[in-house]
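Note sheet for the following structure.
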Amino acid sequence: MTTQIPSLDDPRVLVQTPATIYDAIPPYAPRTEREAEFYTLRDGEMLVNMGPQHPSTHGVLRLVLKIEGERVSDLDPVLGYLHRGIEKLGENADYHHAICYTDPLEYISSLFNELAPVMAFEQLLDLRVPRRAEYIRVLSCELLRIASHALFMGWMALDLGGLTPILYGFIERDEIVEMLAALTGQRMLFNYMRIGGVNGDLNHEFLSRLGDWMSRALREIEANTTLLNENEIFVKRTRGLGVIDRRMALGLGLTGPNVRASGIPYDVRRAHPYGVYPELEFDIPTRDEGDSYARYMLRVDEIKQSIRIIDQVLHRMPDGPVMAKVPRRITPRPGRAWAAIESPRGQYGCYAISDGTDQPYRFRIHDPSFVNLQAVVPLMPGNLLADTMAVMASLDPVMGGIDK
Amino acid sequence: MSVVVRPSGRLSPTGRVMVPALGVLVLLVVVLLAGIGTGIIPAIVIWIGGVLLANIAIVRFVVAATAVLLFTIPTAFVIIFMELKVIAFMNLRIGPNRVGPWGTLASVVHGLKVLSKEDFTPTGADVSVFTLAPVVTFVASVMAFMVLPFGPGLFGADLNVGMLYFFAVGGLGVVGLLMAGWSSFNKYSLLGGLRSAAQMVSYEIPLTLSVVGVIMLAGTMSLNGIVQAQSGSFLDWFVVRQPLAFLVFFIAATAEANRTPFDLTEADSEIVAGFATEYSGMRFGFFFFAEYVNVFLLSGLAVVLFFGGWTAPVPWPWPVHILVAPGELGLGLLAIVILAPLVGSTLLALPLWMLRSSWPFWRAWILGLVLFTLLAIGAIGIYLLINLDALLGIVWFFAKSYVFVFTFVWMRATLPRIRIDQLMGLAWKWLLPASLVNLFLTALAILVVHP
Amino acid sequence: MSFVPGLGIVKGMTLTLRRFFQPKVTVQYPEQVAPIPPRHRGRLQLLYDEWGALKCETCFQCAMACPIECIDMGGTDTKDRFHVHWGPPEQYAERREELALRRSGRPVPDPAFASFSPLDTSDLDRLLEAEEYDPARMLPILEQTQALYGYIPVAAIKHIANATGAWYAEVYGTASFYGQLHLEPPTRHTIGICRCPACSLFGGGAIRTALEQALGVPLGGTTLDGFVSLEPDDCHGENGGAPWVTLDGARQPGITAAGAAQLARSLAGPAPAGRA
Amino acid sequence: MRQRHDQTEIRIAAGSTVDVLRTLHDDPAFRFEVLADVAGVDTGDSMQVVYHLWSETTPDWLRVIVVDLARDDPRVPSATFLWKGAEWMEREAYDMFGIVFEGNRDLRRIYMPPDYTSFPLRKDFFIADDSARSPGQGVRHMEQVHAPAESSAPIRRSRAR
């Protein structure tokens, strides 16, 4: 770390050494065994930079693909193009403020990003959240889970070349987002979860929109899925592709729909129940195939379960306050807390350490996409270039969360 | 204080244009009169006419080629607009709606935008090949247009090997794509170029083989002849006798035109824009012109081969022919042309005037004139449609072709993209055997029915 | 995948064709503006009153409430004396530096204190302990602080803010709101007068007029030589049936308007030329 | 071992990491098969690595803390022999804290550029901002008008201006 190695981003490097233009080989000595192996090209292999500006990398992910004709022989994901240092910022803000920073982490499902830190801080404070607030949390989070999965289905199709499903997905998402905007005030970065409850009670507009949508949600979503579910081209392209078996899924630490598609019913809502999930009835859909198609279909099943949860929550919603009494300046006793929730992409965790001051001493965000994305590295070799996108899309990574 | 008088200064802006224009006009009239008076101009006209008449085949070809070349531009614009609008509608969007009525000028504006963009050549590109590639692609598709019959007697050239010419020239397009992919100095372009080479070369074979059945049935390779062989009702169309061939042809044509689900050469989610990655400005425009012209071309070919070209699906059940031939009326025609509007308008105006007593007669008469004009246009249109086969043929041909264009766009809106190995597998494992089976069955049928 | 090959594709095509004829969902933005939800926390803007004057009083309430501290504001205080500022660098960056340094075990320099003579806070600490570090008792704390130092030094405000957990701006706001609290070293003599209705009823108004005439300054002002200032005071409802007038904090019972004028003239230094 | 809230905590030394993790993972009585998180912690005078584990056998999270790593040269055996998915999380901890995981095949920076030299989440790494760069000057307080500072450093204006 003492010697200065030329940066990849240094424009001079690119101009002075044309080899970097041809081969995309970094201009410094390999730092690890794996890097040395990766950047040693055999005959007929070439490196292709896919990203960070590429139509289908879900943000600014850079994949260095080693290809042999159309066949991918290895790949190396390069992260960090969206790194904002949220953990450091959170450690330098007080507890209320740290939550705001987590909002844009995984911008598709912001409410989950808020919920995990909020729950960790509540653990630090030994705080009891009013039951109505818990129910509202579940309600809004499940809505957003549907929105996220609806969008996932569109993205998957878009990465496979289908133009239309993404827009149908966005229509569903927009309905939900408008609903949540009525509830929280914003469309994307809701900033709704608060330490000790939620920011505001349910209001009439939200409930009327919700009722309106609930009456046709399932029908609409099922209609939209006919576009892909049985489509021969889609099925042929995804079935048997990127198979993750049980053992591999556990070893890779996958969570969420990706691990459930491999037959492991690991869902934090059941594995370590939080909130009011123990009181609600729902299934954990699993599939045994572990391929991209199973991961896709599993999310379709999850949408149905979420609708079921929302239905129950609406029927059981208790009365009461939505915020516990929390001082403006929070100074928890020194201690450690780990809270994990089931976000649409898997287990979203927050590890917070308090040192008795009003700022978290350590503010660690565990993002599921970060772990899930690792699976592309063992899955891809041997597949075709076009499958990179199919596998990537089926793992559903969001770069905002991966790069923190 | 002296005032400088500038004559043009006192003229209105229109006047400033009109005064010099009048001068030029007067000069022209004088020259013309002098030319006619001295007999020079008639002599020149007669001479040119003689030359043209002597080389009528060449003149016909030049006129047809120009017409076809000019025809590609609005075709591409219309198809681009269709693509924008139809896909938008299928996505539950509105699509272009700002430029022109219902956004119809959106594609024209796209064209202008493409024209005004920087023409960029990447460092390290093979400049001459890079420059030629879009031209090759465009020229190949326009050349293929020459043999397509738009209506009875309306075609660039009626080659007796029209079909062979079509596939030969249409296959040239791939050379342009390959050139573009190679010369761009970009790995995505290279991948796109290689994909297009593999794809188009593979799909040429089922495409051509599927058509052989049609050729055997029609007994000719001239596209015009094939259309004539299908005249009659829609039961005579070759799609009825060659459904398998049509299926193979349609799939192969989709691949040949690089349309979804076979648009691997420009698969945006995999290889950015394929061969066109490094292209910008008008060169990019050429590629896209070529693509959309190709779409129309293959739709037109499908119609010609399998859907009876410009023939009507159902023949006119009773032979209506208006026996009035305008040419035979002589001076009577002039009288009719002058008198008919006056009489007709007056007749139409009278009831209006009677009903609306508050109107002055001239207002009713003007309304009558408008109504008469509309009626006259309608009547002349019907007359032309019935009496001129070419016009009716064109209408049928375009109607059928655009149904196919719509289908292409519809497929693009619906289907995801196929993978390269599946693409090749489909071509070699399914389409090629299917077309061979079709060929065999057709030959067998011909042997059995007409030994 | 269905048993009939191609059926899935046909189903999809049917769906898109059906959608082709359905009503469209696009919102035509410039013409159709999407409604803004009532809870929307959108763009911040300063309000102007109907005469075009800024309605902001630099009370910092909004800056304090902003969870991500994106509001950065500055201005002069109500008496047009101090440039005050509130925003991320002030109330938050310095604190986080402090905490980061403390955690890494380094001495904590406080740049904000550097420009001040150090303040002996032992008395202040005792005082705060007596008040149980309760931010709700801010007024007594500040009054006692002023009694301690003669005025309220900025360092003391900072210390109080750190100790009680109240925001700096809250303490500052309290200190600058009450007329009897001073943020700068006191003048030589201060005549305080209470303006509450009770005192006015008992003749406070006349005394105030007399004092203002005698000193030639309005209430809240200081004479040009800086010897005497006329300050509003607060009787806390304990005037006991007579106007509340204080001289340097000591109550002057039974004072009349003439007596007040006399007192003021006796305190004032030599009259500048041209002033009676 | 101690309990707080609902999480069980084990503190171990770096040397016993491999044994402890392997036992937790393989022993049929434990079967902690899900690695929920790997986090680095800088306590100010030493480094820690925190693992969160989950098992079917118990609904609790198990927190394993590897304590007392030297701040100058923190070294821990990698967990990639059990969970391949720990690779990136360890890379992240390496990138942010400089904790070296021995046995990780691909231990290079993951977020920061390859030529970056410091470790951002350590507690001696400060966020550069106005008040940090020019003490007393970036802080435009009321006291500046009242008692101007003597420092001659140029005034850095706040980013909000």
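To keep things simple, chains are lettered A, B, C and D as they appear, and every chain counts its residues starting from 1.
Here is the rule we go by: contacts are C-beta pairs under 8 Å (C-beta built on N, C-alpha and C of every residue); 3 or more make two chains touch, one makes a residue touch a chain.
Note that this is a predicted model, so its numbers are computed, not measured.
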Could you pull out the chain whose C-alpha mean position is farthest off from that of chain D? B
I'd like the most central chain, judged by C-alpha centroids against the all-protein C-alpha centroid. A
More contacting C-beta pairs: A-C or B-C? A-C
Per the C-alpha centroid definition, the whole-Å distance linking chain B and chain C comes out as 75
Whole-angstrom distance, CA centroid of chain A to CA centroid of chain C, is 44
Taking the mean of the C-alpha atoms as each chain's centre, how many Å separate chain C from chain D? 40
Geometric centre distance via CA averages, chain D-chain B, whole Å: 66
Mind pulling the residue numbers of chain A that touch at least two other chains? 92, 164, 171, 227-228, 231, 233-234
Check each residue of chain B and list the ones that touch at least two other chains. 90-93, 413-415
Would you mind listing the residues of chain C that make contact with two or more other chains? 9, 12, 15-16, 19, 25, 96, 100, 103
Chain A - residues contacting chain D, complex: 1-2, 4-9, 26, 28, 31-35, 79-80, 83, 85, 87-89, 91-92, 123, 126, 250-255, 266, 271-273, 335-338, 340, 347, 349, 351, 353, 362, 364, 366, 370-371, 373-374, 378, 403-404
In their shared complex, at which residues does chain B touch chain A? 87, 90-93, 124, 187-188, 191, 195, 260-261, 263-264, 267-272, 412-422
Residues of chain C touching chain B in the complex: 9, 12-13, 15-17, 19-20, 22, 24-26, 28
Going by the contact rule at the top, pick out the chain D residues touching chain A in the complex. 4-5, 7, 9, 33-37, 39, 41-42, 50, 52, 54, 59-61, 63, 82-89, 92, 96, 105-115, 117, 120-121, 125, 127
Which residues of chain A touch chain B in their complex? 21, 46, 48, 54-56, 70, 157-164, 167-168, 171, 227-228, 231, 233-234, 236-237, 384-389
